[in-house]
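Letters are used for the chains, namely A, B, C, D and E, taken in the order the chains are written, and counting of residues starts over at 1 for each.
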């Protein structure tokens, strides 16, 4: 640190000073807030710390403040905000599911939109081709199973391949699935899709909770898994796959398992999405852009952290559908992709992980003083 | 039937020549820097739009097509270099980040072009107008297609000469085999990579003008060619120029045959299936080389 | 009693024969030195035993069981563990976490298995790393990183430990300490095979040495016999006149 | 309007801004509140005011959508200048659907839930139209379709459950079944003009071309001509040489091609530079753009397409030219399209049509008096810019759908054909009552 | 007169300190040996000199500081490095590999002469001119690596473990080559675990252990040192 400042020129020193004063300011704010929530955080840590990781007062405030915000949103948010958040919930499920597989193992999948697409198509095709009156109690589990089956179908041959090949093939898997829809349009509805799926409800308030609650369940479940041995092993596969084998762990089995862990919530997300729109079609459900958007969300929040991608998904969808809504679409997307590119280059760990670490720092110093 | 076969032979050769140009650039960048450049497709689009902006009769410049062609290729090459010098070289040590960043660049470029030109397609002024009617074969070949075929082979031939017969070019091949070995013989890696990106960009630019003229020019025109380039490169053996050329013709003909006999609904699916099979049976592709361990 | 049996193992890479029809055995409780100049095939042999490589020919048996075609994790779970020449800890995990990874059960549904904190402490203590459990690997000095590699291997509770150049990059003091640690392992009942290119430091530790040269087994025998053997001298000195 | 009395006059002026600022529970209206929180928050309910809001839905990134948006602006201004709808000032809320279901659904919901629109107009892509149908039917907001021509949109919805979907109408264009009949008549015209008797059909492998593939061969053959070749083209297709070769080897005199995707420019360009010995007729959606000539570098010379409003070149009714001229005045120096395009005509006409209907019904209160509005819609006859308009009634094959108009030869006249002619001019060539020029065969034939 | 000088050179990888203040001076025309066990820092030191690793301290070649130079500039200045891994171009033939070494030399006649010299020095390479490097034995690859380095017309040649894994008969060939090259005036910096080999050639040596020079001196001083005899000459 000292050598850096020695070498720095006048202007960077000014910047450094500014940053230091901001840093001091934030720390003193942190110092004041952290103790207030520390007792609550301690209580949480005693009960759940071992399962979900421990946190300080500031981090507790972030997590439970956000949770409270999500749960009470209809009481303070506008209609557009709620509508955006409803969609964000579904995308958060996708981003988290992608993360448990790609973010953790480092096998970057460009094919996750196939998984959600399969689940959605399974629901729609059951209703369209088999029995229009089929109950959701049957279609939902079957659709999730379909996502799982296709997940395995993709994973089994491809996981033998190394990084870039894996990514290319998953990319190609999307194209195959996308292109298969048309030749079988008798069953799939071709490019216009199938419109006969029922929606959960048109009541936007109820619908919000229909999407929020599964999202929270997925978030808790995946965080739990990620903080367990499984997460440890998956992360170790990314860092050093041969060390995992040397530890007596079957890396291949765990990679497959990551696909299982990922396919199931992808299936859930697909089902939520199809019952949100009440229809399926290839462009809304399958195109490779969807996969890329999931990745972008995870990158934005911070890969391999589950909650990072959740935050990333909300930030991404909020930007796209709410904050930048007034701009023409191409300007909106230009801004979004520029942000993602900047995060990739300058904040690889993602914005939410950065925030999390900052809170840890400001909280911890408050404690020691 | 003979006519059909001949027509497949001719049409397949035309499109394959353009595919080869795209795949070679893609594979060179992977071979030399280990970068999977998903923005390679965006350079194709850029070439086509640069040509459009320079030559369109309704446009402001309306340059002669040949001048426009040369400038468009230069623009693509420069953009490719700029991407390496301005972005990739700072992040290339992390494969995943680079990979994702190039995807984002591609999408960003698409949105920017959409912003200026809109989503509707354009047709380019052909470098040479007109066509030949091959009555016995039952097809017609546009001069533009023939020119694409010829230019593709000239470009491939020049590249071949450059990388096998000149020291400067050989250092590109050498770097793709061993980066450190190249440095040990005094090769400046930065220089080699810059040239590789320039060449890849120029090839993409040429492909862009021909794809844009023979097919059409719109912001998402790069997606299919890029997917085809993937397939070709993986089948040919990633990093191998020869493999790219061979596989380009393989895939070009496969697509032509598929359309002819199965209908275009199945276009693409077949190539993808072949790709999956090749990967499972011959993971290093036709000309990919398995390096000796240790 | 034979624990590990290498029977006519051959490994080719393309045209290059890295290990050529090599056989030897290791008895329970022994420390065997696998020596030879660099590039003579020692590491390749370890890689074959650990199934990092598929052998081209021959059989590897461990405790009477044919493990030739096992996959690496199966070999490990069978009671073999290797400390490789390169240290490759997971930098994102602290020392304790790195050790813990090696204690996890090979089960995708075990969420909370693996060693307790106390057990991890014990593994670390056996190599003298107990006070560094919270440190990240890239903050450790070289010798400690090497110790971590040993602790990780130990955490899989091996019967047989393969040590690939364990002393590389250590000074004489550190080498003596580590050698003493290995002696302790022997008393705990762990069998060991130690690879080193340098016979000097190893000869006090090993009961027996197997010498490889250019992929062939040159000879095997007690340390004294090996160091005085003319063929070994020639292999090591490469025909140069001994000064 | 039902809760109009609850609000003070000053608040009504704040209009949309006011609505935007209220929280979700306030804006979500009766539906949300009654089902969930009626007890505790009963005081807040949906409100309305003195402004008549129209939500317009189109993919405004494309020329088609932009043209429609500009056209409906003109209609709204005209209505406001003329005293509004039922004396209410009309406010236009224009939204971009991106041509995608997700975006379309989102904007329709916020228009209905948050902005309390009184009328929805638009949607270009069939998926989007059908994707929002159920929601719109559920909320009973009158919805006038102006872009997509798929007959399914009527037959699969109104045909199944008229009561449910009665608030949805199509005021233009005529559906593709009727368009197919028109195309058959056009074949007859071509035969009269040029003696062509052998036709080929190429269609996008897409839902909207289904009616043409199903009906057009019969329409042509009924008239004594031959259909020598039919094929579908995958919409990923960008190389048309093989398709055109096949038409060529079938010795067709003309090909009817139905194409909507981006690569239609490549289609004409390939046809033109290879000088295939047949004419290109039918429907080419991108070809309706006035900028298509420039975009194809003139390769579209001689190709035809049918479109509502005849590209704004023919005086279809006395409404046509004033509208087109107003459009050109406003947007002369702006981005393309320089003319309204077909959806523009339909969106423009939809507003005037709806106004005429509700004024005759005396109410636009769809929540309470939907039946009255529906009856008025079905009995309204209106002269629009694209032609005379009337809707089919409940008992017909296409309930609530626009009726075709026919000229003295019984030719369908409200979906005319236009042709690109020398110098980049668009001319109306069929039916002859509206034609501005003769149909020209390619000079190389 | 020292042609290559190291002054208090440190190399750190993260927290690990691989080279702890090494100072050396190599005279023009001599063979300088650096011995020490695996992991002692020999390769790290050569990597630092050749510009592959960041370091603190000073490295001067021919009086100029190398700190700001990239590996390619250092090679082209005549300080050529032949690595332990050899880093050949596996799919180039022997001939092409050799030509790569000379790609930046202007004087094509001299290149032709040097080519003949290399083929004469290593007749095995002459026999295999068109063979791909990948398919050759370890010893032949080592010869090719040295040959390629020679083609860059070095003033100083750094050899890292040239005898690694080679059969005795091949080591003989390399022995001869090193001696001949030195006679012709080439300065050689030789890093070896094979102490006997190094002792045989070098006029002066340094012993590197855990990143520190423990001992330096003439060959005869080394041979008489007990510590060296015990630990490194090894064969009791």
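Note that contacts are C-beta pairs under 8 Å (C-beta built on N, C-alpha and C of every residue); 3 or more make two chains touch, one makes a residue touch a chain.
As the structure is a prediction and not an experimental result, all values here were calculated from the model.
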| item | value |
| --- | --- |
| Shared chain contacts [chain A and chain E, defined touch] | B, C |
| Chain at maximum distance from chain B, centres defined as averaged CA atoms | C |
| From chain E, the most remote chain by mean C-alpha position | D |
| For chain A paired with chain B, centre-to-centre distance based on mean C-alpha positions, whole Å | 34 |
| Whole-Å gap between the CA centroids of chain C and chain D | 76 |
| Distance from chain E to chain B - Cα centre to Cα centre, in angstrom | 42 |
| Inter-centroid spacing, chain E versus chain C (mean Cα positions, whole Å) | 30 |
| Multi-partner residues of chain A (at least 2 other chains) | 179, 182, 328, 330 |
| Chain C, residues touching no fewer than two other chains | 14, 16 |
| Where chain E touches two or more other chains, by residue | 134 |
| For the chain E and chain B complex, residues of the former touching the latter | 50, 52, 70-72, 75-76, 80-83, 85, 87-92, 96, 99-101, 103-104, 134, 148-149, 152 |
| Chain B - residues contacting chain E, complex | 167-168, 170-171, 173-174, 177-178, 180-189, 289, 291-292 |
| Chain A - residues contacting chain B, complex | 106, 108, 157, 160-161, 163-165, 167-169, 171-172, 175-176, 179-180, 182-183, 292, 295-296, 299, 328, 330-331, 333-334, 337-338, 340-341, 344-345, 348 |
| Chain C residues touching chain A - in the complex, by the definition given at the top | 50, 52, 71-74, 76-77, 81-82, 84, 88-93, 97, 100-102, 104-106, 108, 110-114, 152-153, 156 |
| In the complex, chain D residues that touch chain B | 61-63, 205, 231-234, 236-239, 241-242, 244-245, 248-249, 262-266, 268-270, 273-276, 286, 289, 291, 294-299, 335-336 |
